[in-house]
Amino acid sequence: MLNKNVLNFIGCDCGYDEANIVLFGAPFDSTASFRPGARFGSQAVRMESFGLETYSLYQDRDLSEVGVFDSGDLELPMGDTELSLDLIDKRCGQILKEGKRPFMIGGEHLVTLGSIRAVREKYSDLRIIHLDAHADLRNDYLGVRYSHACVMRRCWELLGDGHIFQFGIRSGERKEFEWIREGHVEIHPFCLDGIKEAVRRLSGYSIYLTLDLDILDPSVFPGTGTPEAGGTGFMELLEVLIEICKNSTIVACDVVELSPHYDASGISVAVAGKLIRELLIAM
Amino acid sequence: MLNKNVLNFIGCDCGYDEANIVLFGAPFDSTASFRPGARFGSQAVRMESFGLETYSLYQDRDLSEVGVFDSGDLELPMGDTELSLDLIDKRCGQILKEGKRPFMIGGEHLVTLGSIRAVREKYSDLRIIHLDAHADLRNDYLGVRYSHACVMRRCWELLGDGHIFQFGIRSGERKEFEWIREGHVEIHPFCLDGIKEAVRRLSGYSIYLTLDLDILDPSVFPGTGTPEAGGTGFMELLEVLIEICKNSTIVACDVVELSPHYDASGISVAVAGKLIRELLIAM
Amino acid sequence: MLNKNVLNFIGCDCGYDEANIVLFGAPFDSTASFRPGARFGSQAVRMESFGLETYSLYQDRDLSEVGVFDSGDLELPMGDTELSLDLIDKRCGQILKEGKRPFMIGGEHLVTLGSIRAVREKYSDLRIIHLDAHADLRNDYLGVRYSHACVMRRCWELLGDGHIFQFGIRSGERKEFEWIREGHVEIHPFCLDGIKEAVRRLSGYSIYLTLDLDILDPSVFPGTGTPEAGGTGFMELLEVLIEICKNSTIVACDVVELSPHYDASGISVAVAGKLIRELLIAM
Amino acid sequence: MLNKNVLNFIGCDCGYDEANIVLFGAPFDSTASFRPGARFGSQAVRMESFGLETYSLYQDRDLSEVGVFDSGDLELPMGDTELSLDLIDKRCGQILKEGKRPFMIGGEHLVTLGSIRAVREKYSDLRIIHLDAHADLRNDYLGVRYSHACVMRRCWELLGDGHIFQFGIRSGERKEFEWIREGHVEIHPFCLDGIKEAVRRLSGYSIYLTLDLDILDPSVFPGTGTPEAGGTGFMELLEVLIEICKNSTIVACDVVELSPHYDASGISVAVAGKLIRELLIAM
Amino acid sequence: MLNKNVLNFIGCDCGYDEANIVLFGAPFDSTASFRPGARFGSQAVRMESFGLETYSLYQDRDLSEVGVFDSGDLELPMGDTELSLDLIDKRCGQILKEGKRPFMIGGEHLVTLGSIRAVREKYSDLRIIHLDAHADLRNDYLGVRYSHACVMRRCWELLGDGHIFQFGIRSGERKEFEWIREGHVEIHPFCLDGIKEAVRRLSGYSIYLTLDLDILDPSVFPGTGTPEAGGTGFMELLEVLIEICKNSTIVACDVVELSPHYDASGISVAVAGKLIRELLIAM
Amino acid sequence: MLNKNVLNFIGCDCGYDEANIVLFGAPFDSTASFRPGARFGSQAVRMESFGLETYSLYQDRDLSEVGVFDSGDLELPMGDTELSLDLIDKRCGQILKEGKRPFMIGGEHLVTLGSIRAVREKYSDLRIIHLDAHADLRNDYLGVRYSHACVMRRCWELLGDGHIFQFGIRSGERKEFEWIREGHVEIHPFCLDGIKEAVRRLSGYSIYLTLDLDILDPSVFPGTGTPEAGGTGFMELLEVLIEICKNSTIVACDVVELSPHYDASGISVAVAGKLIRELLIAM
């Protein structure tokens, strides 16, 4: 008898019960203000993951040894932000309840809010490490409060001052940086400097890692909605990610803002896939 | 002294006061369920209109003689459908109040609802001629009622039975066609047959013409979110549009679902621009 | 508990036991002489099938009522033609043995040979209806006998004279047409004329339908390795396919030569998906 | 000993002395007013001609029997129109002097002027059959007299009234059509109707055939600088071209305005290549 | 009453009278010898500037505080180099006469010559800082003296020895470098080393800054006519540009050779837009 | 009399007899497991080489002084690996026999095996310097032993332990690295460190240099079948290549895995062309 066509991220083949980490996709991009298309990120990265190996020479470990279950994409209703966030919250909550760690692939950055809602229910000491080109701290964008450009502000409303640590930020409006200077979040602009020291300080806390891939320089990662020149290199980011995973307690994670149609060469999908493989192995 | 950079649709250079028709763009695509990008339609069609002439050999008339004012694009908040529809309603209402006819360029098809809200305020006898590949008559799409896939159903809720006349429809779910057979709207599936006769019957009524460009065959118009094979040809559509404009009272009009990024060759933008030129001249 | 990520062609969700038709992909293109990439056809058409509806307005029937099981893609070793053909033969044989009909999505046209090997084992009266722009009747191509350009010649070697009926052919080398004139196969060049009459004559025989999508005009279907101008239109082909399915006994079928990377607009994948839906419903 | 890398149009392999027809490319596009890129046309069409066969099923004749020599591309100085036209004139003159017929592949349409200068030196009874979407009859374009948009006006200055016969024209400014109505050239707008009758009337004259490929509908031929919707189909054009070649004395010919970068699918190059093959065989 | 559609570079919204800097586009590329398309640069960079913020975190200043007026694109006649240079010269002269600084966006590099003609009328002590991958110092290119490949040679003819300072140059023909070694211009090949020292030496002089964006590595900036591997990084260039602006008297400036069609991902336009924003703020 | 159209790599214009180095293309990619298209590499790099200069500022030498003959592409039968390797072996052998050095442009990496077979016939002390992202040391790939993924294993079977020196490797399956650790080949993973020292050790040996261009970071070189993030930069690679050529005896060389269709911007072809120019000059 033949089997149904299963499309998992490469090497994520273990059974649900044995899994430590559960992958899922959140294909939502309704609030993208500049260029949409992040909805295609999660399926593209699964599809193209077969250009990768399961083995990481960087960590000398194979993804098949990690125990990852890929539960596919949520079916999210474009144009209905609240309902979409709710579905993400529920999926995340279910995974956490069953003692596993959620690993969400976006979608636009707003999906992080759905996930954070579930994770902070379980982990009251939650801290967010936020890697991104953009501060995402507006109070609203053209009157819309639930927008990718406001997602960290909404997370801050849930967690309060001193719980969010931003790295790589190089773009935003003046008001966001004035608000930052009031002390609500900790920012390390332009690059990844200071991250090791921050990870040390955060030791003992439950960490949510949110990786907006546009932190990478557009030359490395052109396939994103709002490319912002002057970003980090691939190796620099990879080393920092392994470092974070090794030295802190990641309870949940997301990787967002891959918009594959904007990069016909496929290198952005390849970069995203490799980072996801390395994160899964390092976590 | 130099002037600001003005980007009008070619030949739409008359002053506001003298204008009969007012163009505006509605760059919204938050509810696109398959492939987004219709937000880029209105600016692209302006930009590329300079590959056209202002003169129509088909109608032996020049666009510069028509009196069209291009008021640019609305700034619509992605992710907030209600607010967006409201802004469209207001712009349309203002144009109508000043005795001019609105000509809206989408954006996704849901923008038509904003426009219809304003137009039926002024014209209580309004009838809609709807050219499209898709029926757009679902009650909801994944629970979302304000979706491009439901726009004609929402218009029907405003206008009631017998006010909507559909042509070219070749796709939908079974339930939509069962609902049609209950007699709520008049449908002419697959092609443009029957349109001349319908226009005759509608003589005397105020007509809103909504043209979803995906009625065209994808070979002619690949640059759209949901290409649906088996559509009409360009000349066939052009002749019908001129026919409609000549024999009925178009009080407002829209052209939607150009998604230019999906067609790097630019032929879809060229087709859309030429149809807009011909419509403006024929109206 | 969550499920694995299943990616079926839309509406092909029935269980294996209840299925009448079993879909599978044959992602092979090693012998493509001009432009490779047909290997990406089967996954692309599944992925993009979600831009379609399951309901056909043409046949007033829904794909979900048909009973189709999608068994995914074979893993075929690029560069090893014999091994690849063997794996196709085996998959096809298994489906036939279990009383179901195989529906293969290519891949390049050579994959048809693997399928024919299995089908003629079961059906000794097999006739092939071959829709294509190219005759594919060379004895060898640069010395290679197992090439897409020779596939119908290899099938002829299995079935003998008078078993292959070609339609739409508009390209080949002189020698192929001289060989045809010797009476080995029946050819209807350039278009689909004569197909109804041929179907009538073939009534009672077991039919294998092989559809090389490049029979379509390149304007309709640009996403193929060897586009050949002057082909059939979509509606013309669709009507003929429904006609064939209704009036003959299709025991197996394939749809080949979609090379999605050559058509960034996605209309080729949409065309292929719609034809597959209609074939599945009509069969 | 090995040979240099020769890149001819497929099947154009005969020696110079035996050749009846001499191909050459004129890769010039400096005056393109909308989208440049026609300079890449001639090399692209050679390169991709290997996706064609040398044999034509339409004419049951093989290109290798015709006697065509491909002399490659001229090296034309972008930005210097006069010098470029001069180089074309010289190449054309040389071919004519040696008793062969020139077949030029553009480049933008202005290159025709260079060729006409040489041809009318030899043939004082020259008539031009001009297939195009655009009239190209402006006196100047933004003050430039040597522009693709003025090429037929410049030819008219050389040949006088009644020597140019235009077909398929569907775009131009009002003034061009007013000028036409003064009787300078004969126009058959929109389509190819009337061409057989015109060919009959022109019997006995020396004919220059200039084929601007944008006469084709953009669905068939998207790869051109100024796509103009509503054009002819491929088969319709092919039949007319064979008809013209069979029933008149073509002394020289050009095929212009292929701009391959605008069509990543490659179907425009394939269309151009097939038309060139058929023309070479029919001439 | 509604307004005309204005398309300015983001944040360049001040009135003409209050403006310090006047932007204009010079969409000309007739002499491009390899790949044309720079004519599309200026409009593309305006259009996509809305993916940027007006605020610069690098300089902690907002573009809206600077006083920039965007006067749109010149209408330049393709194919007529002299007339085009003349129109640029006039626009530049007008801006200078009214006490403002011109900021030109190309177009190909030859447009710089038009601008230099106007600027040196006003500033007799003019020095040029030239950032580029190519020396652009040929005496002629295929016999054409007014070519992008000769633009710096033509500027040198106006200004004489010792007035041009080149950085980043990594390509040219042997003769150009022999000519440089005769002492006509100062060259700093391969990278930006030596620029701070040169800026110090040039203190007190009126500086024209011409930035050919192909100085950047093609990975950072693929959207250009003649990509030349081995270029500078974005941050390195950005820092140098801010340095130059702060420590010298820039009286006019241009940014050239963005050819957006060659980079479908849009990162080149984003890079160009960000550099223009930073230059406008730093000047 | 006119000449045939010759398309050489720029500056490779010397006669065969005077040539030191003979270029040829090996357009084969039948075993590509992920994304095919390397077959288009050699012609693309010739075509686009005209965007380069013949002069190298890095080495202050002109390609025209080197003595290179471009013998064009082999005609390789897709789908028949053995026959293809044989044709490469023969071409290479002929060049070597005539006292010249072969320089092969791929094609996929498997073509190296054909070349090595010929070269080790002449040079019994042959050592391979292998620059690549992938180890290519599998024993088989899905049962196929003659695959690009196995090419270095096949070479090792010919040469034995200690003859292959790998640099830049960052991807492979676990088993390949276990096999490496058994001492069969010398590996320097991730980057180019250690290469100078290795070159010193190899002084006196006959060296075959095989450069898989995917050693470069995908940002620099996106146009390849299996992009692998985290690679070397252009300048770093260029310096190492010049170093190798200057300090060792390269008896033959290849450059493989350019797949130009995956990079519409053309920067990958430009990078490949520049590296080939520099290698030809440095050898």
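Order as written gives the chain letters A, B, C, D, E and F; numbering starts at 1 within each chain.
FYI, a residue touches a chain if its C-beta (ideal position, glycine included) is under 8 Å from a C-beta of that chain, and two chains touch if they have at least 3 such contacts.
Treat the numbers as computed from the prediction; the structure is a model and nothing was measured.
A.B. asks: How far is the middle of chain B from the middle of chain F, if each middle is the mean of its Cα atoms, in Å?
C.D. replies: The separation of the two C-alpha centroids amounts to 55 Å.
A.B. asks: In whole angstrom, how far does the Cα centroid of chain D sit from the Cα centroid of chain E?
C.D. replies: For chain D versus chain E, the centre distance works out to 38 Å.
A.B. asks: Mind pulling the chain E residues that touch 2 or more other chains?
C.D. replies: As it turns out, chain E has residues touching two or more other chains at 217, 219, 264.
A.B. asks: Which of line, ring, star, complete and other names the graph you get from chains that touch?
C.D. replies: Other.
A.B. asks: By the touch definition up top, name every chain pair that qualifies.
C.D. replies: Chains touch in the following pairs: A-B, A-C, A-E, A-F, B-C, B-D, B-E, C-D, C-F, D-E, D-F, E-F.
A.B. asks: Please name which positions on chain C make contact with chain D in the complex.
C.D. replies: My answer: residues 34-35, 169-174, 177, 189-190, 217-219, 222-223, 226-230, 262-264.
A.B. asks: State the interface residues of chain F toward chain C in the complex, per the touch definition above.
C.D. replies: Listed in rising order, the residues are 29-33, 36-37, 39, 75-81, 83, 110, 141-144, 146-147, 261.
A.B. asks: With touch defined as at the start, can you tell me which chain D residues reach chain F in the complex?
C.D. replies: So the residues of chain D in touch with chain F come to 1-8, 16-17, 22, 24, 43, 46-47, 69-73, 94-95, 98, 264.
A.B. asks: Help me check something: in the complex, which residues belonging to chain B touch chain D?
C.D. replies: 50-55, 57-58, 62, 217, 219-220, 234-235, 238, 264-267, 270-271, 274-275
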